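Note that subunit A is present in both complexes that follow, paired respectively with subunit B and with subunit C.
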Partner chain A sequence: MLTITDLSLTEAKVRHLSGLTASFQPGTLTTILGRTGAGKTSLMRAIAGLLTPDSGRIALAGSDWTRLPPWKRPVAMVTQQFINYPHLNVRDNVAFPLVRAGVAKPEAAAKADAALTRVGLATMMDRRPSELSGGQQQRVAIARALVKKAPVLLLDEPFVNLDYKLREAFREDLVELLATETGTTVLYASTEPREALQMGDQIILMAEGRIVQSGQPRSVFAAPASLTAAQVINDPPINPIPFRQANVADFGALGQHPFRLPPGAYTLGLRAADIHPGGPHQAEVTLTEVTGSETITHLRLSGQHLVMQEKSVVPRTPGDQLGVSLDLGAGLVFGADGARKEI
Partner chain B sequence: MYRQKYLFLLPGLLVLVAIILFPLLFTIRVSFSSWDVYNPGLNWVGGENYGRLWEDARYWEALLRLTGLTVGTVLLQYTLGFALALLVWREVVARRLFRVLFLIPMMTTPVVMSVLWRTIFHESLGPLNPILEGIGIGAVPWLSQSTWSFIAVMIVEIWQWTPFMFLLLLAGLLSLPNEPFLAAKIDGAGPIRTFLSVTFPMLGAISVGAILIRLIEASKIMETVYVLTSGGPGTSTETSSYYIYIRGMRDFQIGYSAALSLTYLIIMIVTLTIVAKLLVRALVRDQA
Partner chain C sequence: MRTLYLAFKYSAILLWSAFVIFPFLWALTTSFKTANGVTGGATWIPWVQYEPSIVGWQSLFGGAGGINVMQPFANSLIVTLTASAISIALGTLAAYALSRFSFKFLWMRNSDITFFFISQRIMPPIVLSIPFFLMLRTLGLLDSLPGLILVYVALLMPIAVWVMVDFFNGIPRGLDEMAWMDGCDPVTTFRRVILPNAVPGLVVAGMFCLIFGWNDFFFAFTLTFTQTQLLPVAIVSLNSSVTPWWALSAAALVSIAPLVVLAFVVERFLSKGGLAGAVR
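For the complex of A and B:
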């Protein structure tokens, strides 16, 4: 089991990780979800040994890695950039970690060929990385990571620099490839909640260098522990709507709702899918994004910025007036300290 | 009208003829003459000068000495230049200062550098022998004994031209992408293995260029020998260029020195072409 304990890391006087503690079971895929700058890459690099933590401990099966140089750690890693050896052909690129590990060259070449066949590059083994497309270069990097058979596999947003369609296809391929890697602890960093919810056995939400929540993807999505966690795991981001609780929850111009809460100030986290077109509230359209078969509409309603998600393509123009309804009862309630309250 | 375009080539062709073709053709013609201090002029003697050259042991010894000197100094310049470049490549204290300091020998003219080193090597007045004596090695006959004179010439050449290697290799190192080095760390390669498997091969093309430039320059070595040892003691540090200079400028055997020069030129062109091909095959993958 890979464990990190109270891990903190500062680089160039900027705090990247603050007191991270987590454990990762062998044979599981953990998705680390967070926005850019949340500390995902720093965590991956600290585990790989490319960054040295200020304090804390990294251990695999009880063996302390914290001060171990990266080349002595049984880790494989695929990064956002398509990292390969430009002076070696594709086969030698993939065989590189095996040769370094002392595997005889013919055996390493045979294993590299097999790995390249698995990632669909059987016909390109003698080419240089510069002669491949971005997607193919990343497949080479994935093959190199898989061929090493390391007990820890770190995938740091491996598809972020690929186009949308290619990313979808690669994600499916990767899930198939990883299914055969039994016993490997896989960490997959992502900024996309949808990807994280699809892929992981476990999910870790990160924000500002801290773990804000971890657990089963579905349960974390259904019950985020805090407003920050809710904002990280929802795409489009959750709509934070402040309200005051007296006898009922008072949302001002947005109406009231019969929550049973102690009196005080709260924030309702309303998912974009819980705002619907057609309703009593007149909102102004400020921006429309059509993503595939969905429409994300940004609205201004009573001075509040809201995001609405519809499962259809609806042409709208900024400045349009639109009647909307808010399903306040479906929202999540967070206290003044940001923690979620049961309602 | 259309033919007038060739007129535009004329200035370039004239310069080419003036600075390359004419001297070359004239030298070829002179090499077949007996032009010397007693018989100036282009008196045709056929291949007499070339026959004499073939039996001139001093010329071939100088060529052999030059080969040793060139290969030895360039290899050491490359090794030291690479080591210095690696030293100031990454984050080290005052690396900018070191980068400038390492270049100073190259900025000094070879004659000035050789005069300076002649003073340093001076066996009774120079500062080097007292230092060597002080650390228990003892005085060395730097400029009066054959082997030590040869080593002295090598030291000056290495001192002067290592910065050139340093400059080219540092530029090469600084232009390398960082990503393969990250990958090598992850793939289990320590610092030495990373150097052998990533840094060195990625600098293959630059290494070939730097070595070839220095081989060409080193094969023309003249000033250092002239100032430091005058080819001595005896002929122990005499190189081809210096021997040709003696025959042509000191003995005024113009016809013979032209034959020596042309033979030397052909040998250099053939040798360096072969060396270039071998270096490319050895250091630049898949381009041989």
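For the complex of A and C:
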């Protein structure tokens, strides 16, 4: 089991990780979800030994890795950039870690061929990385990471630099590939909640260098522990709507709702799918994004910026007036401290 | 329009080729002339209308009134190749360290240390000649090949550092990190990953070192007397009251021959896009 305990890391006087504690079971895929700058890459690089933590401990099956140099750690990593050795052909690129580990060259080449066949590059083994497309180059990097059979596999947003369609296809392929890697602890960093929900056995939400929540992806999505966690795991972003609770929840111009809460100030986290077109509230369209078969509409309503998600393609123009309804009862309630309140 | 562009392009290439080749042609024909052929004057075309003679070439190989350039040529080769090899080896290691690790000495950081190396080339050679002379005399290495090699290493290594620091800075650090994770310690990373990808840089640095080393006259002249003579000094010693243009031309061709061969050898390394496909 890979464990990190109270891990803190500062680089160039900027705090990247603050007291992280987590454990990762062998044979599981953990998605680390967070926005850019949340500390995902720093965590991965610290586990790989590329960054030295200020304090805390990293251990695999009880053996302390914290001060171990990267070349002594049994870790494989695929990064956002497609990094390959330009002076070697594709086969030698993949065989490289095996040869360095002392595997005989013919055996290493055979294993590299098998790994390349698995990632769909059987016909390109003699080419140089520069002769491949971006997607193919990243497949080489993935094959090199898999061929090592390292007990820890770190995937740091490996598909972020690929186009959308290719990303979708690669994600499915990767899940298939990783299914055969029994016993490997896989960490997958992502900024995309959909990807995290689709891929991981476990999910860790990160924000500003801290773990804000961890658990099963579905349960974390259904019950985020805090407003920050809800903001990290929701895409389109969750709509934070402040309200005051007296006898009922008072949302000002947006109406009232009969929540049963102690009096005070709260924030309602309303998912974009819980705002619907057609309703009593007149909103102004500020932006429309059509993603595949969905429409994400940005609205201005009573001075509040809201995001609405529809499962269809609807042509809208900025400046349009649109009546909307808000399903306030479906929202999540967060206290002044940001923690979620049961309603 | 395209025809006009092509005509202009090829005219420019032809003009430039003539500009570059003409001095060589002139030297080649002069090397096969005699005193009369040089000063007598041709009616129309000086590099065609003359009686060919090999007097000039004979004077380079122990002929009457000449010298034997074989020994100085060999000396120049030994000094230049050895000094360049040592400079490249040491300079490449220094450059990799300066490119990848952070150093701190008093107020100086990596860029200051790199500049310190380069600053040695800013000084006029005359300033260095007396310290070099005194140091070699103390070491008993004046007028010797090892002494000249030491001096040339001091002169050429800054060039190697300068070229290679820049080149290593262009190699993504992600490549080093990937090699570490593939089980290479920093030394193996340098040897197995960085160095093979630095070949174009090594070629450029090597070429600069060889050119500067081969062409140096000043130190070859001031730090040698009778025992050790390098080619540029030997060529100058050909001069007498009557300038033997035929012999000097032959000597000039001999002295540039290694650099011409070098240019052909390294051309294929320089034209390659070495680091394509490292990081995208």
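Keep in mind that, in the parts below, the second predicted complex is superposed on the first by the 343 of 343 C-alpha atoms of A that agree within 3 Å, B and C clash if a C-alpha of one lies under 4 Å from a C-alpha of the other, contacts with A are read in each partner's own complex, and residues count from 1 in each chain.
Please note the rule applied: a residue touches a chain if its C-beta (ideal position, glycine included) is under 8 Å from a C-beta of that chain, and two chains touch if they have at least 3 such contacts.
Bear in mind the structure is a predicted one, so any value in this text is a computation, not a measurement.
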item: Room on subunit A for both subunit B and subunit C (clash or fit); value: clash
item: Touched partner set for A:134, first subunit B, second subunit C, both or neither; value: second
item: Subunit B versus subunit C as contact partner of A:84, first or second or both or neither; value: both
item: First, second, both or neither for A:161, with subunit B first and subunit C second; value: second
item: Partner chain in contact with A:171 - subunit B first, subunit C second, else both or neither; value: neither
item: Touching both subunit C and subunit B, counted on subunit A across the two superposed complexes; value: 48-50, 69-71, 75-77, 79, 81, 83-87, 96-97, 100-101, 128, 144, 148
item: Touching residues (chain side subunit A, partner subunit B) in the complex; value: 48-50, 69-72, 75-77, 79, 81, 83-89, 96-97, 100-101, 128, 141, 144, 148
item: Complex contact set, residues of subunit B against subunit A; value: 177, 179-180, 182-190, 193, 197-198, 201-202, 204, 285-286
item: Parts of subunit C lying in touch with subunit A, wherever the complex brings them together; value: 172, 174-175, 177-185, 188, 192-193, 196-197, 273-280
item: Parts of subunit A lying in touch with subunit C, wherever the complex brings them together; value: 48-50, 69-71, 73, 75-77, 79, 81-87, 96-97, 100-101, 128-132, 134, 137, 144, 148, 161
